[in-house]
Structure formats: C-alpha cells, structure tokens
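Please go over the structures that come below.
Shared chain: chain A. Partners: chain B in the first complex, chain C in the second.
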Partner chain A sequence: MENLSYRYSAPRRAGGSKPLALVGVVASGNLEVLVERVLPDTECQLEIKTAAEGFGPVWAAVTSDFVARRAAGGLKLSINDGGARPDTVALRLAQAVRVIEGDEQ
Partner chain B sequence: MNASTIEASAPSHVLRSQGVSWYEASARQRIDLLLDAGTFKEYIGPEQREHSPHLQVFDLPEQFDDGIAVGRGMLAGAPVFIAAQEGRFMGGAFGEVHGAKLTGLLRAARDLGSIPVLILFDTGGVRLQEANAGELAIAEIMRALIEARTAGVKVIGLIGGRAGCYGGGGLIAGCCSALAVSEQGRISVSGPEVIETNRGVEEFDSKDRALVWRTMGGKHRRLLGGADAFSDDSIDAFRETALALIASTPGFGIEVLKAEQARLASRLDRFGTCGDAVDIWKAEGLSDAQAEAVPAMPAPDFITLANKVQEARHDAR
Partner chain C sequence: MQQVSDGPAAIKPAAPVAFNSSASWSSGREARADRLRAGSAYADGKVVEARKATALLEAVIRPGDRVCLEGDNQKQADLLARALAAVNVAKVYDLHMVQSGVVLPEHLDVFESGIAKRLDYSYSGPQAARIARMLFGGKIELGAVHTYLELFARYFIDLTPQVALIAAVSADRHGNLYTGPNTEDTPTVVEATAYKDGIVIAQVSEIVDQLPRVDIPGDCVHFVVQSDKPFYVEPLFTRDPGAITEGQILTAMLAIKGIYAPYGVQRLNHGIGFNTAAIELLLPTYGERLGLKGKVASHWALNPHPTLIPAIESGWVKQIHSFGSEVGMDNYIRARSDIYFTGSDGSLRSNRAYSQTAGLYACDMFIGSTLQIDLEGHSSTVTESRIAGFGGAPNMGSDPRGRRHPSAPWLLAGEQADPGTPAALRRGRKLVVQIGETFGDKNVPLFVEQLDALILAEKLKLDLAPVMVYADDVSHIVTEEGIANLLLCRDKDEREHAIRGIAGYTDIGRGRDPKMVERLRERGVIRRPEDLGIDPLDANRSLLAARSIKDLVEWSGGLYAPPSKFRNW
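Right after this comes the complex of A and B.
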C-alpha cells in the first residue's frame, strides 16, 4: 500500500452545504471517495491510500487537474483505491463534488 | 390509465426507485431507495473510518465502512433497523468490524424489542484474511439475531445481490424470521467452487451455471420453502415484499422451532432421494412441463405458481 497526500489552493468554493458524501466502492479497478467539507473555502486536500504503488506522478496530475477544473474549495477528499485507472479516478472525483453539491448521483 | 395519472397517483418512493435493479444497485442505493425518502440515519458512518484492523497486514485496501452500512429509517411510515452489505467490496465478506456493526444493530433491536430489522445480504461468507475474527462475528450475529427474535423482533433477510448469500451469511439467513429472494439471489453455505474442490466435479460441476442456479438460485429456494417470498429484481418489488413479510411473519418461540424441525424432517423424507432440483419441484406437485419451464419463467408467473404448490408451513419458517 502507498499513502499519498496533496494540498492545493482551490480557485472555486464547492457549492451546496452538505457536510459529507461518499461515492464509489473499493473493488478491482475502482475506488471510493469520502468527501468532507472541513477546510477553508480556498483549500482542497486529497488523502490517498492505493494498492497500486509507484503512480505518484499520475495521482499528482489527476488531482491537480481536478482542483483546477472543478469547484472543490473547502473539501477534503479521502480515497481508498483498488487500482483504478486515471480516467475512473477523475470521474469519481467529479461525482464526489456533484454529490456534495446536492445532486442525488 | 395514462402516464400522467400514474405519476400523480404513485407514491413518491416509486418515482424515485422506478425500474432500479436490486442486483445492479449498491448497498447504499438499496437502503436509500428501499426506505422512505431521506429517513436513513446511519450508525458508525464512513466518516468515522472504522475500517478493518487486519487488511493492512495483507497489504490490501480498506473501505471506510468495512463493506456494510447499518442504521435506522422509516419504511412506509414505520421505523425499521436496516443493514446492507456491499457485495462488490471483498465479495461482501464478514470481517471483524463488518460483523460487529451487524451484531450491534441486532442487539439494539433486541433491547427495544419491537422494531423490525431488515438485513440486505450480499456476501460470500467470512473474509478469509480475518478468518477467526470473521467466524466469531458470524457466531455473535447468530446469537444476537436469535436473542432479538426471542425478544419479539422480526428479522427479515432480503437476498438478490451479485455475491448471493453464502458461507456464514447462509447460516445467518437461516436464523432469520423470514427471507425474500429474487431469481438472481442465491442462498447456500458452501458455494459451487467449494463443493467441486472438496467433493469432485462428479458431485457438483461449478461451471454448469444452469445447475448452480437451479440448486442454489432464488426460484429453487422459494419452491423448497427456504425462502418465504420471491421478489422480482427491482427495489420496488423488494420493498413491497419486505412490507408483506413484516406484516405476516409470526412470532418466535418453542412451538415455531418445533414446527420448523418437523418441516425439515419431512423435507428430508420427501426429497432425500431426489437427484436434482427438478425432481424436487415435481415431487412438490409441478407437472413435467411446469418444472421444465421454471428456469425461464417470468417473475409474476413464477410467484403465482410457487404460491400454489409450496408446502403448508404453518408457523415454521
């Protein structure tokens, strides 16, 4: 297992007021994202536990792209990863933001 | 009736869950759509991070809720306790924390004595990486379940997930007040591969999917009486079935246990020499043509047929 942590300054605050949301599942090629509204509006933090070691640069690229594109300010995202591909990770991160904004799915 | 009339008259839960497959849904979706909208209150939620203390040793990823969500909510306006296993995380298997959450829920139900419990099984059994803790959890859950039933609580199992209900999950299901199963739900203790590995391919060919489904699948369990109700594979259908079982399931006591023992003894007498599930269905009273048609039969037709032929069970389950 490898633990990775990233903290970014976020350009946009996450919408809505829900305190937390959970999306995804820990399975082969999949991941779960627990998202909590616990940070100042201008920050975003990601804590990753992954079964696939040695992919730090890919995680850095996917997470920085996520914070730049989505409104993720104020969010702490905790990830348990079962070896998901970068595109799956990007979709789960986007889904997590949508759900904490208040959308059903 | 036109579409707008249907929409106007359908209860809100039907609109939310319309057409959602139980088999395809996640554990949390099943809870969300089964209960009245917005009523689920989770105990020991994922934000508390009560994950497995053992998986790290094996270099395996954890899940924040250890693969089970437990809590309370409202079902058609009445309170229920509810637990749902996530079959996609480690096959829904029971580990130490996973099991303890279900034990705690059943003990809470026992102490209150009146609120029914719904267990949404989706499990391959004990998590092998936590074998001893998992086996102990199964024993604790079975004890807590029987204590809850003794205290007057109805415990209803709903089975229709991709992992089925195997191993210790099959034992726990056997302790429930009543079970509902869909065609996709399978109930057994040893799974197909386990039987083949231990007894040989002549005993059970795990690759013969038709054999697996007619031996362990929902239709067979319903015809044999192991499951009390058959449900179509939709969350709406499971909701209606759960409500019907809560309303109709009798209490629990020594008379029920005796009736259950008698039913199992007579089942062995009647079907002990049957070589295949189809022989059992015929012995239950299905014609040759009906028995041949069972595997492909649509759910509503099958429910009608099963209600006609199933043995009288009185208070046994």
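Right after this comes the complex of A and C.
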C-alpha cells in the first residue's frame, strides 16, 4: 500500500451544492472515489491509497491535469485504488465531479 | 489464308542434348506412386482406421519431407497431429513443417523429439511462450514467420508440401470431403499438395455414403483416417460484451465518429479484440444516433463475430465473407444466408485464402488492436518471451500497392497523405487503424521507445524484426485520449508528436512537447474527444447493444448457441 497526497490551487469552483458523492468500486483494476465539498472554493485536495506502488509521477500528472481541466475547486477527493490504469483514474475523477455537480435528489 | 511451310531443311535446329538423358520428367509422380503403395498396406481403399494412423504416416512420409499439418487460429487436424508426434524417429526425422498455425502441444513436440527440424509458419497464439523458448534453445530452425496469405503463396512456389495432413467433418468412400463451415485453409493446402505430386491425408469424424456438399474432390485425397471425434475448433472470435470497459467504449465512439463517418467506410475488416467488439456493439446504438446506418460498415471480410449479431439484426450489414467459422454460430448463419456465403447444404463456406485476398484488395479499412506501438508507429504483438506470430493481421493491416480500383475512402486517404500529386496520378490509401487504450493488462503501456520485436530479432539473429504493422502502412492510431491521423503528418517529428499526443500517461505520452501537440491539434492531426463533440463521461455500458453473451443469444432469436465457457446461466 502506498499513500499519496496532492493539494492544488483550483482555477474553477465545482458546480452544484451537493455535499458529497461516491463513484466507482474497490476492485482489481478499478477504484472508488469519495468526493466531499469541504475546502475553500479555490482549493482541491486528493488523498490516494493505492495497491500499486511506485506510480507517484503518474498520479501527479493525472491529478494536476484533472484540476486544470475540470471544475474541482472546493473538493476533497479520497481515492481507494485497486491498481486502476491512469485512464480509468481520470475517468472516475471526472465522473466524481459530474455527480457532485448534479442536483440534490 | 497464310501459307504454312516447314522451311528449308538446312535451318532446322539440331535436336537439343538433354541435360541428363537418363533423368525422368515425372520423378515426383513416381515417388508419389511409391508412397501410395507403401501407405495402402494400412488402408481399406482410401479408409484407414485411427489406430493405424501412425503406421500410415511412417509409410508415406520420408525424412526431410516438407509437411503441412493443417491447423490455423481456429480448426486443428488434432488426431493427425498426435499420430505424427508418435512416429518412430528412426524412420521419420528432420521434417520441414510448413503450416499456418503452431497451436497444439504436438506441433512443438515433434521438434523436441527430432521428428521435425525446420519451421515456416504464421500464427502461434497459445504456444507463443513455448515456441520462443524452443527458438532460443535452438530446437527449431526457423525459416520465417509469415502472414497467412504469404505462406499460402509460398506453398505454390518454394514451400510446396510433399505431405498434407488435413481435417474435415466427413468423407465418402471415394475420398470426397465435407469440411463444414470451417473450410478455412483446406482448399489451398490441398491444391498445392495434390497437384504437385504430394500426398493428402484427411482426418474425418464420419464416413458416409452421401456428403452434405463436396468441399474437396476425392481425386485430391489419398487417405482418409476415421477419428472418433470431430476436429478441435477454438472459439477465438467470441468476445463477451460483459467484459467491455468504458475506456474501450470511448475508443469505439472516437473511431465511429472520427474515422468511419468522415471517410464513409463501407468495406472493412475488424481485428479481434474488445475495442473492435465495442464498435460492433455501438453501431446499432451510437452509430444509429449519428445517422450512419447504410453509410458505413455494410460489406465485410470478417469471421462470424457473435458481437456483430445486433448490427446484422438491425439491418446494418449487407454481406460478410469469412476466413473461418465461429463455434456456436452455425444455426444463425444458416438462417441468414443473405448475409453469409453458404453452400448447397445451407451451412457456411469459409475460405481463408480468398477472404485474406478480399481483406487486402477489396476492403478500404482494417482496424485492430496491438500490444506495442513505437514512436514511428511500427506495431508488434511480439514480446520478449512470447512470439505469437502474425496470422492475417499484417496482410489486413497493410496498404496494397497493387490496388487499382478507386473508392471514396481510399481516394480521400490518398489525398490527405499526398496533397501535392495531381489526383489522376495519386495512389489512394487503405485506412489502417490501430486502436487500444494507452495502458493494457497489468498496467503495461501500449506505447514504447523500442519494440520488443527488435530485441528478439537481435537475440535470434533474424534478418527482420517481427513487426506486425509497419509504420508507413498505419493511417490512424486511436486511444482514449484521441485520434492521431498519421496521413496528415509531414515529417518524422510531426509523426512522433502525433503519437505522443494520444499516448496518455505512458512515459511516451508524458514526454510530449505540449505546444507542438496543440499545433497538431489545430491542424486536425490530433483530434480529442471534445474536438469531435464526444463527452468521455457519455462512454458507458448502456451504449452497448448487448451487454452480455445472453443478450447476443436473445438478439439472434435463440439461433446463436455459445460454447459452454461463455455461458454463465
């Protein structure tokens, strides 16, 4: 297990007002993302627990692209990773933002 | 009327001196007669009992013979493979095996024991690791790894078999053969062997009075060995829709909207793999929404892929010619003779040589997956420890320079590659598309600095690295990050960055110059999902026309009968 943590200044605030959301599943080659609206609008934090060690530079690239491309300000994302591929990680992060942007049920 | 004259006797040439007055001009035919006599001791007419198969082979095969043991990526002459592996190595040795597939353990056992020495082949899927070990260990003298069509061609020039061991469903007493839907390589192997003084031995599971149809005429077949069970067939072209990922669906959306639509690709071949299976399952949903029905993907060189059933049932497909059949598809094919090629008995007639020719010359596009792509765009499925061979992919995945008939996609691709040449003198280009996700199984990157094929060629001292698709044949590469159109690249640098620009988070992708990539994107060399109006978040499994094997059975109206390993109900 490896724990990684990234904190970015975020150019855009995440839309909507939902306080939290969960996407994905914990499984081999997949990941679960818990997203919480708990930070100032200009910040984004990612906490990663991953089964695959030694992929720090790839996580840094995936998470910084995510914050640059998606409106993720105000969000803390906690990731439980089962060795997912980077493209799957990027997809789940984007899905997490879309879900928390969605209207309250 | 022209007057005919013998001319003066004085200029009549002298009779030529024969290079060897005692040489026979029919030594091959005489040798065949000898072999037939030796073999007939074990036969009743042409029919040989299975228990005598090894003795028959010892009688008709001579040391050093070229032998084709029929087997490809689908059907296998498995009884004859076992019989050959059991011959006495003091009688039969140093054979030169010339065969499409090295697939069964016995195909390599004959090299372990010394029965065979030299190998020319095409495909070795399940034996990829063992064949690599044996090549490194010097157990096999390798001629070359061919494409199917290339090996077939050499059967008629310099690799003509002296003995062919083939597989059919049934035979009559005269040796006429019914191959059933898996005709595949058989007519080609028999043509080359039987008409050049060779011996053809067929294994069949039944001997009958009346065949459903004649696939191979009896005068080309010398012995028929009765097997107690049908020949083995691998369901190689069945992909379970349940295993298709969102990433694969995204690549499929990109391919359909970014390549099939703008080029209007109607005549095509799909490789095996989950990305192309996803395309097949998106045609009736996503493709329909884009208004592409009738405009793309109507005429195919393709095995009977179960994942194409929803597109067929939705009226997308006009016609399919097949290399081989697919386990479980027989009844569906019988009931859809407007789509498939079928015989007088109603079952599929496949033919690998013809379908490969069709894929090469009559298709405007090949799209398939690979394991490694380098910075120039060369691709290979060889890794350091596995030599899978090629099968048909390099033939499908190449631009045929002998093509002369125009079509809209071929002309458009040619114009993109070479805008400077006047249209009437410009060659068109086949679309050769590599599709995959940037990381494969176990997080192995698709993009590499150097192909493993090069390391292997060096270790084995091969003249050629086993490259599956050469860079100059590739027109597009599709990943989840976008499409690189290599036809539009004007130099090596642009090409490299077009590839880096869609290589995602691999080392190759992260080594990009972002400014260069943006410039290529402005020119349409690289197209991202957003450039095509595709939201990656829309790529989900609800887009698949069938989400399971069971859904495919339902689409087929119960006609598709999947093999048990694909049933979970």
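For the reader, a short list of remarks on this structure follows.
The working rule: the second predicted complex is superposed on the first by the 102 of 105 C-alpha atoms of A that agree within 3 Å, B and C clash if a C-alpha of one lies under 4 Å from a C-alpha of the other, contacts with A are read in each partner's own complex, and residues count from 1 in each chain.
Convention: a residue touches a chain if its C-beta (ideal position, glycine included) is under 8 Å from a C-beta of that chain, and two chains touch if they have at least 3 such contacts.
Computed from a predicted structure; not experimentally measured.
Three-chain overlay on chain A, with chain B and chain C fitting side by side and no clash. Contact with chain C, but none with chain B, is seen for A:Ala94 once the two complexes are overlaid on the shared chain.
In the superposition on chain A, contact of A:Arg13 is made with neither chain B nor chain C.
Contacts of A:Met1 after superposition: chain B is touched, whereas chain C is not reached. Of the two partner chains placed around the shared chain by superposition, chain C is the only one that A:Pro86 touches, whereas chain B remains out of contact. Taking the Cα centre of chain A as vertex, the centres of chain B and chain C in the superposed model span 70°, given to the nearest 10.
In the superposition on chain A, contact is made by A:Val62 with chain C only, not with chain B. Of all Cα pairs linking chain B with chain C in the superposition, the shortest spans 6 Å.
By the touch criterion stated above, chain A contacts chain B in their complex at residues 1, 20, 22, 25-27, 30, 32, 34, 36, 49-51, 78, 80-82.
Interface residues of chain A, counted against chain C in their complex, comprise 52, 57-58, 61-62, 83, 85-88, 90-91, 94-95, 98. Residues of chain B touching chain A in their complex: 26, 28, 46-47, 49, 56, 59-65, 86, 88-90. On the chain C side of its complex with chain A, the touching residues are 245-247, 250, 437-439, 443, 480-481, 504-505, 510, 536-537, 539.
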